[in-house]
Amino acid sequence: MSSDFQPASGFVLPRYAGIATFMRLPHIGLDDPRLAEVQVGLIGAPWDGGTTNRPGPRHGPRQLRDASTMIRAQHGITGVRPFEAMNCADLGDVAPNPADVQDSLRRMTAFYTRVRGAGIIPLTAGGDHLCTLPILRALAAECPPENRLGMIHFDSHTDLFHSYFGGQMYTHGTPFRRAVEEGLLDPHRVCMIGIRGTAYDSEDRDFAKAVGIRVIPIEDFHRRGVEDVMAEARNIVGTGDTYVSYDIDFVDPAYAPGTGTPEVGGPTSWQALECARLLRGVKIVGADLVEVSPPFDPAGGTAFLGVSLMFEMLCAIVTAHQ
Amino acid sequence: MSSDFQPASGFVLPRYAGIATFMRLPHIGLDDPRLAEVQVGLIGAPWDGGTTNRPGPRHGPRQLRDASTMIRAQHGITGVRPFEAMNCADLGDVAPNPADVQDSLRRMTAFYTRVRGAGIIPLTAGGDHLCTLPILRALAAECPPENRLGMIHFDSHTDLFHSYFGGQMYTHGTPFRRAVEEGLLDPHRVCMIGIRGTAYDSEDRDFAKAVGIRVIPIEDFHRRGVEDVMAEARNIVGTGDTYVSYDIDFVDPAYAPGTGTPEVGGPTSWQALECARLLRGVKIVGADLVEVSPPFDPAGGTAFLGVSLMFEMLCAIVTAHQ
Amino acid sequence: MSSDFQPASGFVLPRYAGIATFMRLPHIGLDDPRLAEVQVGLIGAPWDGGTTNRPGPRHGPRQLRDASTMIRAQHGITGVRPFEAMNCADLGDVAPNPADVQDSLRRMTAFYTRVRGAGIIPLTAGGDHLCTLPILRALAAECPPENRLGMIHFDSHTDLFHSYFGGQMYTHGTPFRRAVEEGLLDPHRVCMIGIRGTAYDSEDRDFAKAVGIRVIPIEDFHRRGVEDVMAEARNIVGTGDTYVSYDIDFVDPAYAPGTGTPEVGGPTSWQALECARLLRGVKIVGADLVEVSPPFDPAGGTAFLGVSLMFEMLCAIVTAHQ
Amino acid sequence: MSSDFQPASGFVLPRYAGIATFMRLPHIGLDDPRLAEVQVGLIGAPWDGGTTNRPGPRHGPRQLRDASTMIRAQHGITGVRPFEAMNCADLGDVAPNPADVQDSLRRMTAFYTRVRGAGIIPLTAGGDHLCTLPILRALAAECPPENRLGMIHFDSHTDLFHSYFGGQMYTHGTPFRRAVEEGLLDPHRVCMIGIRGTAYDSEDRDFAKAVGIRVIPIEDFHRRGVEDVMAEARNIVGTGDTYVSYDIDFVDPAYAPGTGTPEVGGPTSWQALECARLLRGVKIVGADLVEVSPPFDPAGGTAFLGVSLMFEMLCAIVTAHQ
Amino acid sequence: MSSDFQPASGFVLPRYAGIATFMRLPHIGLDDPRLAEVQVGLIGAPWDGGTTNRPGPRHGPRQLRDASTMIRAQHGITGVRPFEAMNCADLGDVAPNPADVQDSLRRMTAFYTRVRGAGIIPLTAGGDHLCTLPILRALAAECPPENRLGMIHFDSHTDLFHSYFGGQMYTHGTPFRRAVEEGLLDPHRVCMIGIRGTAYDSEDRDFAKAVGIRVIPIEDFHRRGVEDVMAEARNIVGTGDTYVSYDIDFVDPAYAPGTGTPEVGGPTSWQALECARLLRGVKIVGADLVEVSPPFDPAGGTAFLGVSLMFEMLCAIVTAHQ
Amino acid sequence: MSSDFQPASGFVLPRYAGIATFMRLPHIGLDDPRLAEVQVGLIGAPWDGGTTNRPGPRHGPRQLRDASTMIRAQHGITGVRPFEAMNCADLGDVAPNPADVQDSLRRMTAFYTRVRGAGIIPLTAGGDHLCTLPILRALAAECPPENRLGMIHFDSHTDLFHSYFGGQMYTHGTPFRRAVEEGLLDPHRVCMIGIRGTAYDSEDRDFAKAVGIRVIPIEDFHRRGVEDVMAEARNIVGTGDTYVSYDIDFVDPAYAPGTGTPEVGGPTSWQALECARLLRGVKIVGADLVEVSPPFDPAGGTAFLGVSLMFEMLCAIVTAHQ
């Protein structure tokens, strides 16, 4: 392991000091020659053009970087030291077009195609949930059907709707409908956990059932407990390539108020962490933490929970790839 | 069912758009000819003249209306669609007199008397807890003693005190003492759940015991669990007419910071929702959600939890009346 | 004058009570038969799809309605009572498509075309500044060239740029470039006041100069004073039909923090009010107050200043049309 | 001068440390034997039962005490050291009855009667503006008509209305109507400065004119400047006993957002301070700073401006009494 | 019991009124003759000079006093009335030197030495966690080795590090390392509960293991439950003199956001209260509640939880000493 | 000019996107080979160990960097394009020791000595005002007495006190006393502008008078106006090397609430900008903007004003050095 990829220690430079990169890692842009050494890339997707309700996730990456400087080097329970296990770096932000959905999707797909081409596992900080679609397009491009991706999806919404506003096909409520339609995901290897809240209708869940997506609603989550639910999730995705998509609104809004479409009655922060910790053994080829909306969370607690979850996912990634 | 009573869909008009009525329902004032068709009336009681500590619930109805536009048409777990089951409408706000307690109580009693006269079940957004007294006066008026109302009361306080400040009989700490004295409630059919916090003394609980009110304190709630507690509550109120009064300070202040007299150590939002969901079968003749104080909750999370609870109670109402 | 168009008095219903419509006026949708009597329509444009920086103006109309309930019936200095002078109503919100710029522009143009068709002067609460473009399209449609609109524009930015992000022609930085190109505005009758802040380059001001738009930058504003500047502005627009577009970021961010692209060094609230008051005599055919972004102004002071400016503009409208 | 009445120095005990009393003065209750030595008493009136709009001034005294610990011993411009000039003390709070207007007025009158009886000049931190009425009742009790008090009143409202809500005579919009009717104030020696904002009607100003109260509206204030306005005010009250009532909403809400009924377009903090500084020579027999509402000002800037104004008034008091 | 040590009742003086002392107790400084009667002293330690990350606990005592006025006289579950059981008073704040760590430690040791000399049990509101070191120095001074103190320590961090920033031995991450080295604590009678979060390395836990300190990390806490953990803790400290140190960051940041070094995944408020309640039987010679940082908690919920925990500890103290 | 030193354009990458460096400039650490090309270095000094009142400036640099991404390339009034005029870069943060004043001063002096050695003009974002002392030590080191630095100092405090807390010589209230004593500044070429607020005593101003420092208090500033005051200031410092120290509390707290020791009655943002703009012609060898305290300014307006002032100073620097 190269010492170039170690975060600055809070014992040397106080954690509130210094330019804020993800987890105090070096910033290595896509044109940087050191890119070739990077194994896990932390990336910001500052875009919320798919948001149908309260905006703000475009500001997520910056606030998550700020909060991430409070993350230290070692997992408190497992002892994993991810920055020693793999070369991790902050690859910067993908540049969106705030006023054009399709242009932004193209830009993101292009960015992640380069990341994939460099053999880097992307760990993304959103952005709204539509950001996951171009990431999946890049990661699943040219996959033969039998190699489509599995997905473990933590959220209070399925994001499986057909369209909004009389035909709008690309919003943060539709990415996984599109991903299934486009053959990026293998629906039989998709598990959605924590779904709850009032519903427009049952169209999304009917679609899930029709294509074979497993939805574990919140009442089952609370009844069964984290361990049982995660055992099922790991079983569903099996040993194939799997993407992990973590919408911060999975967590109860008391823990994560800074998001655009909160739903009450969710998991605690401890349960949220456990879910991510129990990804162990999953072959993660990419992961994201989306929908952190700083304008609705001035105190920043949501961002700190978000980066704590990113750290859990990072530990799961390095464990799976060792 | 009339299509006139359907809320605007977020698929057509984004949920942050439009004039904010409760749950995006039509606004039908007491003088509106459509009033005759209304079956459940959502009403604001913007008054906090009974508050002995931190004020603000006068602003509750407006913030609750704002947050309520994030409520959709269908219950996520039970599938109940209340707006199709019964004609629901926003009846507007009762006009209080902010500087006169007795005048305000009279105005509220008069308003709810008209509502009851129209055969409408009121679901009220407070206001402080003293607002419940004039509602009970209207709903229980001319009841023969054997038909006095039962009540399920979620709160961290009993609100059963005799008086404050050297003889002040009407504050938000006394409504249920008055309601029992006035013969509005049948104390043997009253169950109070979640009582906690430091106490002045035991005067309120002594009164409860003396008249036969059942108090389930928080330590029992945590030990027994929601299902067991709610089974007892349903048993206590039985099949008679029952009022449900839900003080938002029942919920832990991490989930509901926007209230004037918080007490730590309360239920989670999931437990709070379950309590309301387990009202099924109760013959609800009126319900309220009180003590949401926006000035102490600028982020609005308390209001969103509040309207989520109102939606649960609404589903219980329509289920009971079908 | 019909008593149907009077706002509720704060002496009867406290100002924080009741469903929040603009200035407590009746809500009259475009399909309401009373529309024919309306002379001035207050309209919300809850859309910020043209925002290139910090989002949030989509939430402006609701917060402006909330704050507007603190507006009373009579101007404190001039004694004008606008609600007695003309029939004013809240026409509700235009329904945007949050995820599609062109569709939203079309929807807004269609809405304002109906408003214009009903002979109603629109006073709009934005939304971001791109909202002004479809309003101008509706108001200037089929104008012969000699009747193009004049405009008095208060702002810290010219909004005259050609494009952003490599060719994006429709953002809140470009509406008046488009409006001139489309022949909606007569550039020789356009005056922009308060322009300031750091600049990308001089492209916008070069365009202004080339087409004849008068730009009064902030240093001239501070040096000359409000009366002198407004005299020039009135002279520029003359007696022809004129639109007034008021971006809240015209005012210093100490007075109006809730906006997406603040620039320090602006006018005080008193100067901001005076500017609007000195519109007297201008033949206003429409006006707006845009770029109020509630997520960046939880205390709501920006919204209250915004509606105070809307009230000044309303008084100018009724004065001009009497 | 006794050293017992000196505030703790920030050079010894940091200003954020210690129990917060007004300006770090000793707390001397009405039953304390040292009361006899007190010459100026700083008093809290934690009551807002007369508020017709947004509540909160009941929390004013505590936040003002907190902010007041940032006040030091010497006036920066005049060099006055008030705590050496007269014996000043924090007399604590008068105990109101939050749920009864008349009882609260009686309690306050009784408290200030004792203060007056002890020969102490009261400098009060409100509380809403109705608190001034019982203070005037105590200070003007048994005055022969020719000795009624004069008053300099800084405010954006006259507080001269007859009644609210269909006959409510005692609100924070009526105290000076009552004070004139009760013969506490000599209207020809009353000057109101800064009046502005939208109006219900002209009833208050008509009353002022009828009884001879001088109202200097904001447009005159801005045109004439502080020195000229204050010269007139001093001339109006002359050499007789004068009360000074300072409503924080006199100042523009950018400087003082924490108040219940803000009006935009007001003075700056510098002008606000100058007004108080130019009270020199006025024979002040009591003064107050009212309507600071902490729930609408979490950052506390309003309270710090409020105590800065109280310090200016204190310096004016000690100067007048030397 | 003397009536001089009773807090003011909220039935007489509203709880938001009056000068804020801890739990509305009388303020008795170290030079006050009544000091001799005090048995439990509530003390503020407004100092955060040992903070390595986000500052602010210097403001803790004042905000905790403010919130503490919502505490009433009687424990809701046990019925304990601590202010009748022992003479409690607010001893004011120790005066720190904000710009000198060693001088501040000396000042605090001197203050607590006087408190101990007066036979008073100190219950301290911090301040950062380094404040505990000088308290222990005062309480354990001249203890024979066999009488060194035991400690129950609730925290998400061990605070057992050797040094920071290249040799800085005195920070809020090192107090218990120093306390063990200085022979103040008996490590075999020390139990740390709730430890979690990412780690720099294992140096602190290695030290704990080496000297015999028992660390119960958060995963064990969640697995075993409060009762089992507290039974072990009580067993570890046994019947000897024991100090209780309660860092508010023990609690999950959803419940206690106002702290400088939050760690997600912690206990709920109910669990936090239970921990303190289950201190019964422990021979507490002093206790503290530290690391409440008001600038990161403007709503004050953290402070109210903090004082609720202080009340629990106070009840444990009076129970142990009866 | 090298294109390597150009900030990213908001027309390409939205201004809220990307890792936040000062004004979107490249980050060039002291060990970076490109350091040799840098002419102006923007530096963060995240330290507030000298703060005697409310803390937080340690968080200033990060929030200032965040807000600085809203700064564009060209001055709106003068047309200066500083990034084309000189090579500007973000040099990162100096690493302080939060728990040791002397060690922090040493670290800062060493850092700035390297900066000066590289021939770079430092433009610093504090940090509290004590940070200026080590900067002056580095810049004035080995100056012959006749070349001591002049200084223009904008502030509401002189920071000329001898000591605090019984002998504490190094706080943010003492840096310029030390700087004069150490021979770093030529007091006859020092001008302090805006001094105001209550005072402990006159010790600081007596010292100023004794050594020849010119103090222009706020009442003179308001009376004379910015142009006249700045003409005098430029005259005082003359043509010699001059440092500019800008404490954000110079500006009125309505414009800059996020600071630890606010004083009301200060300049507006326009006056604050003008002051900096009128530094033209001054031979600036270093400048700073200090005392921005983000925990007291969650909305970030203070930081945006701060970086706007930094941009003005940067333009003054490049103008002086061309």
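Note that the chains take the letters A, B, C, D, E and F in the order they are written out, and that residue 1 is the start of every chain.
Quick note on the criterion: a contact is a pair of C-beta atoms (placed from the backbone, for glycine too) under 8 Å apart; a residue touches a chain by one contact, two chains touch by 3 or more.
Computed from a predicted structure; not experimentally measured.
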Other chains in touch with both chain B and chain F: A, C, D, E
Matching chain pair for E-F (criterion: over half of the contact pairs shared, by residue number), options B-D, A-B or C-D: B-D
Equivalent interface positions on chain B and chain E, same or different at half: different
Chain A-chain C separation of Cα centroids, rounded to whole Å: 40
Chain C and chain E, separation of their C-alpha mean positions in angstrom: 56
Numbers and ranges of chain F residues touching at least 2 other chains: 12, 14, 16, 52, 54, 58-59, 98, 164-166, 252, 254, 268, 296, 298-299
Interchain contacts (touch definition) - all pairs: A-B, A-C, A-E, A-F, B-C, B-D, B-E, C-D, C-F, D-E, D-F, E-F
Of all residues in chain F, those that touch chain A in their complex: 12-14, 16-21, 27, 44, 46, 58-59, 61-62, 65-66, 90, 92-93, 95-96, 98, 298-299
Partner chain A, residues of chain B touching it in the complex: 9-12, 14-16, 70-77, 79, 252, 254-255, 268-270, 272-273, 299, 301, 304-305, 308, 311
Residues of chain B that touch chain E when the two form their complex: 52-54, 164-166, 195-202, 217-219, 222, 252-254, 257, 261-262, 264-266, 268, 296-297
Footprint of chain E on chain F - complex, ascending: 48-52, 54-56, 58-59, 97-101, 103, 164-166, 168, 170-171, 295-296, 298
